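By written order: A, B, C and D. Residues from 1 in each chain.
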Amino acid sequence: MAETIGFIGLGSMGAPIAANLLKAGFAVRVYNRTASKADALVKAGAQLVSSPADVAQRAGIVLTMLSDDRAEEEMCLRESSFVEKLGPDGIHVAISTISPDTARRLAKHHAEHQVHYVASPVFGRPEAAASKRLWVCTSGPAEAKKKVQPVLAAISQGIFDFGADAGSANVVKLCGNFLVASAIEALAEALTLAQKNGVKQADVADMFGKSLFAIPVYQGYGKQIVERRFDPPGFRLALGLKDIKLVHETAASSATPMPLASLLQDRWLSAAAKGRGNLDWSAASLGVAEDAGLK
Amino acid sequence: MAETIGFIGLGSMGAPIAANLLKAGFAVRVYNRTASKADALVKAGAQLVSSPADVAQRAGIVLTMLSDDRAEEEMCLRESSFVEKLGPDGIHVAISTISPDTARRLAKHHAEHQVHYVASPVFGRPEAAASKRLWVCTSGPAEAKKKVQPVLAAISQGIFDFGADAGSANVVKLCGNFLVASAIEALAEALTLAQKNGVKQADVADMFGKSLFAIPVYQGYGKQIVERRFDPPGFRLALGLKDIKLVHETAASSATPMPLASLLQDRWLSAAAKGRGNLDWSAASLGVAEDAGLK
Amino acid sequence: MAETIGFIGLGSMGAPIAANLLKAGFAVRVYNRTASKADALVKAGAQLVSSPADVAQRAGIVLTMLSDDRAEEEMCLRESSFVEKLGPDGIHVAISTISPDTARRLAKHHAEHQVHYVASPVFGRPEAAASKRLWVCTSGPAEAKKKVQPVLAAISQGIFDFGADAGSANVVKLCGNFLVASAIEALAEALTLAQKNGVKQADVADMFGKSLFAIPVYQGYGKQIVERRFDPPGFRLALGLKDIKLVHETAASSATPMPLASLLQDRWLSAAAKGRGNLDWSAASLGVAEDAGLK
Amino acid sequence: MAETIGFIGLGSMGAPIAANLLKAGFAVRVYNRTASKADALVKAGAQLVSSPADVAQRAGIVLTMLSDDRAEEEMCLRESSFVEKLGPDGIHVAISTISPDTARRLAKHHAEHQVHYVASPVFGRPEAAASKRLWVCTSGPAEAKKKVQPVLAAISQGIFDFGADAGSANVVKLCGNFLVASAIEALAEALTLAQKNGVKQADVADMFGKSLFAIPVYQGYGKQIVERRFDPPGFRLALGLKDIKLVHETAASSATPMPLASLLQDRWLSAAAKGRGNLDWSAASLGVAEDAGLK
């Protein structure tokens, strides 16, 4: 009989990930605040439950994909949570992007219920989630990581292990989002320089996407910036700003000066202040153009 | 009979490029201030001449690979220069990294002698030059670009055309170097954040080099930063700083605010001030670690 | 009979402020975690009590001068706090530097006990506190501000009113500390530029202190930077960093990009990372010199 | 008989300075490209000449107040310049704001004609020039400085000596303009933070202008920023940007990382790109408000 996996959080990332678990042969019990978002999954075979605790079975595995630190904390620390239900030897795999400190706090909390916390934030947009091309960074107790390996393998193209500390995988996830946001800022400045000096942005983006920077990060964002195509969002700017703030806070609490992260925070704050929170997060590039007097 | 190409500037980049011209079947006349640097090329069939003008033949093609704007200007504007010798219908292909303004000034000067100026700065380190894996961005008169196409094809894996303006290819070259330096800064900050939060730098660099950033720029510099291996230099920091200054000057003269370019200039200036001008330019990353109190 | 004022927090700022209340004729009841710090005040006529709640009398006035947001919160929100003791019509005057959000939260909490919260953070170093040369910015309910006016007048040379919102005075206090830190950074960069260009720093600081910038902020910090005299601290760097973080957080939560505040946070973080937390906060200037390769 | 002083450059600063020389009893010979600008001075007793060289008399003193490095160079290095006319023992007092390098180059050039170069850039706006409240920083040969002391005393409220090097006074002038621009940026960010947090900008500017920052730089610019009153300009933004670029170039050529100067250059570049070159240079503050989404 198929192993049952609990899954909480069916947003634009969570839904396709849960679908991949079904495809891989797992039985999946799902919970979402807005139940209607589970319709397609239920058709595909998932079982919809009406309380978050009900996704869990003793000593089982539960994945959560929630929007931020507070959502994860509320889900885990509430009365009669799924964590208590998981009981001894259960495993909570948090694939949300949250701060390393929150991850460590949750791991400590879970330990009181003898539940293992495995941090497993993922890289990739919804379409990458749908096509099983996510990248996972993971950290937590070795035994638990071993048990959830098939689950993570079912939703990703690669898993990278960062040891036992619950916070480590989240540090790496923040590093990655920081690198991507840095590439967006760099592209925006380079393409603005080109335009202000009479060189076609599209030609520049095309060249770098085919030569030195032939990877989706540069190709995709380069194209979006050139075409100013930020709607519908692949990753909402308001969420991207949240992640950049997490980078910045983690830097501040570890006494790590990161002037580029500071620059990014100011750039994305400005985009939010200008009302661009619901556009794709690469819309922060508009600020570069505006600062240069371009419309 | 083989077409003869003139070549001035046999530094760590120029020498392997000239060698590839020989391999491609061109006859090559070379000049270098320090003549001994031509020894290997002469053995390989190049003809060494004793004055820069002597590399040129009327209506022929001359490539220059010199260290900076001043070197290009001195070579081109001197009495009895190779430009005069090229005379009507000759073509000067400048593959050096210089400012767009200098390129435009040279193009104007050359036009007085009916010599075509083709800007063709290249991307790649010496080993890429040796293995014909350079990327070329080119701009200048269409006719002339067509004529030199086989020459550029003999030294590179790809050529990108940016139109007629002599300065455009140089704008693109500056954009590219800016993107690379931005990636170095981003990597240095991310890896420092990892270390300060207890995550092994090597593991982080390894993951990103295999997933989101699987390109030589991130793989190579990631590794160098982790291993603090900056000597011998692939690209001298002092030269890198020169290029970053060109980016910054071009930004300033075109009223393009580029806060990330500003950050890079300050970072690289600091490395120079600390005596690291002869290390690889990724040694600027040491400043990030030092600012975070790491030794 | 003299009005009795409660006072909690006898650090380097609190002690001289309480002393001025005594000098002005108020009866003063003091509490401090380390009771011995009250010795001089007791000799001068203060009454030392053994629990924070005991400084308060119903409908009276209590001043607190504590090190940070957490200390204020713990003092106010604990069981049997001085706030409860103040009861209906009491006034809590918080002269600590805390975040506007914390101030607003406290005001709301106090209202439940019908206690008025008057935010009154002060500007000035310990010697200014001793000589009654502090500047006060205040906000809170009009009636309450009127009642505490004589108290604030007894400890300062000027009071500025910013309306009814409990958070406003703290916003202004953060603005002020930001302006001072900005002046320190500007001085450090200017003086480093002078030195690297062969001009004596002392002469430069002297000129500006006597001409365009003839105010203590520039005169005092200019001198400290030139003489590299950071010990003993007038204002500990670790506390200064705390305030800069508050500025930065307030900026982030109000969608206000402040690149200069970001620069300051990175500069002060670096100083902390280098082990300078117990020096005067102007020791952050050493980072400017080090980045320029100066010892 | 009154000593005769030559004066070149009757802009908004030069004209009132020349007027003060007349008031002090000097005979003044003036030259300006647009002769009509000399009308008021001629009425006041100045002698208008039709070529720049004619302001000079052998072994006399000539002051120049020109807009930038190029204008000074063209005036000094042209055929039959006033420098040649000054001949042995003449003194050129350059009160323009130019780069230290240009000053040193001019000093060297003048030495060939045995003319002394005294760098004496001034601080102050046109109204300060008119009321003799300028501050002068000076450097050059001791003897020459002694001779021109009464001249400088006639136009200023204070003179500060920075030694023999022709470039030193200009380094100090750049330091000063950098400090002022830094104060503008700091004020703009602080006042924007206030507004975004519901505190009246005018109240904040008023408090700091009366307490910690009770000097004209903060009082005047604070008021301008609050009232958004940038026209007519006291100091044109395009000229201010020129000075900030000089700061930045001097920093770059002396390997001095100045992140705050970089921030300023990007801020002022943006203002220029947005078409604000003819407003007062404090109009750069509009960029801070715009980045925060304020109109």
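Throughout what follows, a residue touches a chain if its C-beta (ideal position, glycine included) is under 8 Å from a C-beta of that chain, and two chains touch if they have at least 3 such contacts.
A quick note: this is a predicted structure, and the numbers were derived from the prediction, not measured.
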| item | value |
| --- | --- |
| B-C or A-B - the one linked by more C-beta pairs in contact | A-B |
| Chain pair equivalent in interface to A-C, over half of contacts matched, among A-D, B-D or C-D | B-D |
| Mean-CA-position distance for subunit D and subunit B (Å) | 40 |
| Interchain centroid distance [CA atoms averaged], subunit B/subunit C, Å | 53 |
| Computed distance of Cα centres, subunit B from subunit A, in Å | 38 |
| Touching two or more other chains - residue numbers and ranges from subunit A | 251, 255-259, 263, 266, 270, 273, 291-293 |
| Contact footprint of subunit B on subunit D as seen in their complex | 245, 248, 251-252, 255-259, 262-263, 265-267, 269-270, 272-273 |
| Of all residues in subunit C, those that touch subunit B in their complex | 259, 266, 270, 273-275, 287, 290-293 |
| Parts of subunit D lying in touch with subunit C, wherever the complex brings them together | 100, 123, 135, 137, 158, 160, 162-163, 165, 167-168, 171-172, 174-176, 178-180, 182-183, 185-187, 189-194, 196-200, 203-204, 206-208, 210-215, 217, 247, 250-251, 254-261, 263, 288, 291-293 |
